[in-house]
């Protein structure tokens, strides 16, 4: 089927390529004409303005917006919807806050425009591995787009079937689900990322303890000089902690065991924060997910005000004078 | 080669079976004659006492102890070593505390008996998938046992090769490593389990938030009734959070989405605790791993003294009267 | 000076009483005529409607709203402001979310009505000890109300002076501060409560460890049967952990060391949650404050879905069968 | 009564001074003759060797060891006990691990020498405010030393009596308790310090959020430029979070609101770690106390290996390139 794509960065561009490879057609638009040109060469129809883009889409239209979450996506959805008509579908495939989806879907409903939110995981590997997609929206629109999702999804592949799933929605095994009404897709993706932070922190802490197993704070007979790359590798086979994140860790450690390429400064995208906000709204104790987020916050601080205050108190009650940080 | 096995429970028994299948021979002993009998039927040589067991082993002997960590393993290693001689090898394949390995290896060294500690992951799946093994001990002994480890390990299988590993120890790709001197095997396995707790808690919290996405504390337009089984399934394909633990979760949710078979009481084995003790010794902030352990502790309490004290304070300063627990 | 008070619950009523005792006058209103009557007997002027209340206030008016945060306060401020005029002051002394203050102050500014938010700590003890107040609003309004705040505040009392404060705002030593523009008062009070949760949890955990010092999990020679009431009492004198919360704890333990009056269910008011939301917005790692909140969430759950999921995984990889909860 | 003191640092020296002031006598010894000389000038009897020290004590002897916990205390107790006889008392007033007390008391019991462990809080303020003492040992020895404890303790002072304590041990109100057998004193002191870490971290995080309330990440209308010194000061009066630690914080902020004197590096003494070890042994979820300790560990790291590993994974799955740390 035909899909329009606005935003031809790494994610948007690769989504189009994966669709074209599988026989779909695409109309593409980006502020950057070079990005449009590259995809036209790959077989897409290019547009040089939003108006041009909309006019080149067959009705009922399907337009996928793949832009940074926040103001840009907001403005684009707004402009786009102004050019569209009843029964068209706008898809937000970025990392929008699910509350924004709920609001936008409500606004567009008055004009009978469908709004579908797609949370995608797979990152830079999606073109090759396929995209894991969590989709929110009304059934009619999601069903209409099924050929697109079926192509983008990873498919069953050689991953063993989960026993006991007979009679359940077969799309999940293909790598995409219709999670619920508008917003549900990004909600599920948000939690996915929250979990991701927790998993990453668990590995990071474990390897940190392994790394310091040769610490001089330990008695000599209990010090070990461990090969972290081999440990990550061995856990990939038959262990309880095997995962794709571990595969990536093994890969990083294979060539840079000291991780000297990294400064220790760790960013976070919004999803981890929104996950905590959601947990708090629901009164769910998200202990580990929150602490994982906070460790990232802490990673960006050099000398924390909180820590200085601890030292001030220690000096106050005990006369303790902290050493300078090296 | 020939291996002796003491302790023919699920783990010990299956290890012997996997060895026999691959052409090795085994002498086996267990307090329970039925367990011995079952393995004799599978092709092993049975022994009816520790003395009989030792006498049936070819010198230099290799005797694997696969018993519950603690007093039983301690006593068995002691009794066994009394019957063995220079150049024999005792292997502890259980979940011993690595500090005990260090001590035992030191004691046996005086008599030139080798002590090898093997941390194994793979649980009930090991017979079929192979055992992921982390091995501590002196090089001579570990090398001598290599045929055994090579058989027990999962092997390369169809898991993609990690780029950049050329020239590194090929055993890691087969699913076993020689981690270091005695104790190093169980140390690495201990951290493996610590990580496991963190990973499990991350998934559990994420699904808990998904589960409560229909909470009445939320505005109606932001409530979702999500299909947790489908969510677990879809994340198995192409997502960043795919893992074996997720596979197991998908499997559990496929047939019991409400998890009604479980009471909420969660045990822990010692490794999670030892991991925290090690982190504290090394001054490594094991935030997430500790919190994962504490959530298990908390799961076993009905009405916590700590919580009651919070209520007592709240009453003291604010006259707050807590509701009774339903 | 004259103050109007809407909401004559424990807090509002006692504030009026403390003002009357010090020679101020008060106009009071409450939905409950009995509450009005009680304060009229104490010397206040009663009103039987919001209109009556406003008409009895001298211009420029000062009306303090002391109602539950949320819808009731919102509606009351709205109705009240409709009856007031330029240069009047509306004071919200409840536990409102500071973002609501910012919004309301902006709306009222157009009509030149001042909006002052007062976070108060002191609870049921305020009548006697005075109220610790954190005030937000424009300088003119806050200064005009100074006689009220000076009376309500605890005053210097016999608390030792903090060295080095010469030249600083003397109001802080009296127990009230002008924290900043509208919203700042409730913001500071919010953080106060966030800290309160953390402090409470720290004591609760410490006493929990003391309580379990006789655990059978410990070797007999390291078990202690401790007198928690005496421990709380002794720490009140000369120790680093002395505090008012400890005083309250000592008081509770003096008569009920097992805290049998409490079920273990612990409520939270909104401030702890908002504190975490604020921390996340600011990228401040509020580790301990968050964990304190989560422990309260957890206290209200009997069998947590997250915990059940851990058991499901444990069964999946290890065949572990958890015991039933007693 | 007469007390011998070994170790005349700030703590030991001031304890002797406080005893002398109240009419007790003291025999003192320190490796540093200057320290001995200073106390002789204050009225103590000096000793120039351990032997001399013991010979100058009246039998039954009472010798207080006030030295750094660990090897020095261990060696001194051992040497001292070799010179002492049945019914003498050795007091360890340092910060020893309570397990060492249990062991030492057991060893000395065979020779009928009493061993008393005293956990003291009060730090540099003890001379003036008195020492809060938690005492472990057998009843006979602790009772015999009561005159010493009564002098060293802060006494009732002007701290309000806790209601409901009638009939309870009056020593707690004086600022000392006999917590239980040998080890119990240091055990209680250990938990005291664990709580202390939690309390400190709660304040530190709260002030950190207040400090960042002017963050550019916030919408302009919700940014506040708060006076942290005044906030700490106002909370000292009538608020729920008032405490001695808050007094010290107010004092620090009064003269250095940016805490520029501190590097952010925060030490820990052993008690916080031992508290976590004890909690783990008892299966008590010490969430907040552990996290407080970990934040100190983290404060000493510049670029954490764990954080680098997060970045490596982020690069692996998303191609994210972290910024360099400023």
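First chain written, first letter: the chains are A, B, C and D, and each begins at residue 1.
Operating definition for what follows: a residue touches a chain if its C-beta (ideal position, glycine included) is under 8 Å from a C-beta of that chain, and two chains touch if they have at least 3 such contacts.
Please read all numbers here as calculations on a predicted model, not as lab measurements.
Asker: Pick from A-D, A-B or B-D: which pair repeats the contacts of B-C, with over half of them the same residue pairs?
Answerer: Selected from A-D, A-B or B-D as the counterpart of B-C: A-D.
Asker: Counting C-beta pairs in contact, which comes out ahead: C-D or A-C?
Answerer: Between the two chain pairs, C-D has more contacting C-beta pairs.
Asker: Taking mean CA positions as centres, which chain lies farthest from subunit C?
Answerer: Centroid comparison gives B as the farthest chain from subunit C.
Asker: From the C-alpha centre of subunit C to that of subunit D, how far is it in Å?
Answerer: 31
Asker: So what's the Cα centroid distance for subunit A and subunit C, whole Å?
Answerer: 39
Asker: Subunit A: which residues touch two or more other chains?
Answerer: Within subunit A, the residues that touch at least two other chains are 123, 125, 201, 203, 205, 208, 212, 240, 244-245, 251, 283-287, 291, 294-295, 298, 300, 304, 306, 317.
Asker: Within their complex, state which residues of subunit D touch subunit B.
Answerer: Going by the criterion above, the answer is residues 240, 273, 276-277, 280, 283-287, 290-291, 293-295, 297-298, 300-301, 304, 306, 317.
Asker: Given the complex with subunit D, which residues does subunit C contribute to the contact?
Answerer: 98-99, 102, 106, 121-123, 125-126, 129-134, 153-160, 162-165, 168-169, 171-177, 179-181, 183-184, 187-188, 191-199, 201-203, 205-206, 208-210, 212-213, 215, 217-218, 221-222, 224-227, 229-231, 233-247, 250-251, 254-255, 275, 278-279, 281-289, 291-292, 294-295
Asker: Provide the residue numbers of subunit C that touch subunit B in the complex, in ascending order.
Answerer: Result: residues 10, 123-125, 200-201, 203-205, 207-208, 211-212, 244-245, 248-249, 251-253, 256, 259, 261-267, 287, 291, 295-296, 298-300, 302-320, 322-326 of subunit C touch subunit B.
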